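Note that the chains are named A, B and C in the order they appear, and that numbering of residues resets to 1 at the start of each chain.
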Amino acid sequence: MNSIDEKLKTLGIVLPTPMKPVANYVPWVKSGNMVYISGQGAVVEGKVQYPGKLGVTVSLEDGAQSARLTCINVLAQLREAADGDLSKVKRIVKLVGFVACTPEFTDQPKVINGASDLMVEVFGEKGRHARSAVGVPSLPMNLSVEIEAVVELE
Amino acid sequence: MNSIDEKLKTLGIVLPTPMKPVANYVPWVKSGNMVYISGQGAVVEGKVQYPGKLGVTVSLEDGAQSARLTCINVLAQLREAADGDLSKVKRIVKLVGFVACTPEFTDQPKVINGASDLMVEVFGEKGRHARSAVGVPSLPMNLSVEIEAVVELE
Amino acid sequence: MNSIDEKLKTLGIVLPTPMKPVANYVPWVKSGNMVYISGQGAVVEGKVQYPGKLGVTVSLEDGAQSARLTCINVLAQLREAADGDLSKVKRIVKLVGFVACTPEFTDQPKVINGASDLMVEVFGEKGRHARSAVGVPSLPMNLSVEIEAVVELE
């Protein structure tokens, strides 16, 4: 068991079987030592968790949980891209977090922190990433959060 | 005629002269063997096709056609970036698809499939890409779809 | 004083101390010779400039100024990523500009030009970048514009 698997175990996180894309694309592409991960959401066993919008049907706390679950799905894809070994991650380079919300909602950073915090919990310094967080009117499958990632492997 | 040009001919697709940007930027930048393509839209001879929003003035079918036309414009830019030879494409790495829509619309993946399907038709396995699809309230020139791309060349 | 510092002086631009992120991430990550810069906004000494939305509370002129100020903050981060020497910039590769706006607003390119024009003023040909500009319903801290960047260093 490598150090990242141990960390996940300590955190009580079991990575799921990576989701299949809902359309004609792939969940990740490796180009050189960079991995580009398709937009993920908080889907558990085929069911969307915390669906809806921040500012109206989803609370800030639930939004952050949605981002955390989304990040777990990002990690599941990343593990596959890294041939099953997350200790090959050199750096979580960048996340873009899209938050479904009302036009009045401006706390996107607090929502996406649910994902950013988990990346740092799991990878330490290597998990500290560049990030954008923006509002959107709606997301696929009524997700409240969608996150895409760029990761550098050793 | 290379294999990709033949494929385009089979599909009945004639790539247009690449559009000029509507502002002070360039349609693509090559950095190493990576090509970053600016957000494109379904513009044919200067006229926006399928303008408007999904969920209100643009149907799902028209949205997917908008994405397909947008993808053709991405390919026109890409051909120029590849010195006129699309067979130099090693991998379509990533697309981000922005769909102008109402807050209730959640079928962004079906819209962006119009582009993803074309990439796979044209490039086969090399066309299978990472992807994000999100809703936005509005796009430049009242486009219904805007797509940006990252592509790796040989 | 290098050529870029001279250019900034000519333009009357003083780069601020780079802003700290508002959450658990970092303002930029260097991966190889590429710099990924987190989404920035028009924040001056902790205060958001030109807050609100295009199409309702922020004019086109103010929106372009918001994008220009945002670009100055991108440059402040970039200078730090380039060890204090902006003449190491090989190419501004790509900007993504998110514009907070009403569903009716379609002039996102004119807004983001405030940033694109500045990049070309400062870096000349090296400043010409790929770009996407899209509308969003809302942004963190009620920013009217958020811009993220990918830059190649020598």
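As a convention for this text, a residue touches a chain if its C-beta (ideal position, glycine included) is under 8 Å from a C-beta of that chain, and two chains touch if they have at least 3 such contacts.
Since the model is a prediction, treat every value here as computed from it, not as a measurement.
Superposition on CA atoms relates chain B and chain C by a rotation of 120 degrees, given as a multiple of 5.
In this structure chain A contacts its sequence twin chain C using mostly different residue numbers, the overlap staying below half. Taking each chain's centre as the average of its CA atoms, chain A and chain C sit 25 Å apart.
Listed for chain C are residues 96, 103, 136-137, each touching two or more other chains. Residue ranges of chain A in contact with chain C, taken from their complex: 34, 91, 93-96, 101-110, 112-113, 116-117, 120, 128-137, 150, 152. Listed in rising order, the residues of chain B touching chain C in the complex are 21-29, 31-32, 36-39, 53, 96, 98, 100, 103, 136-142, 146, 148.
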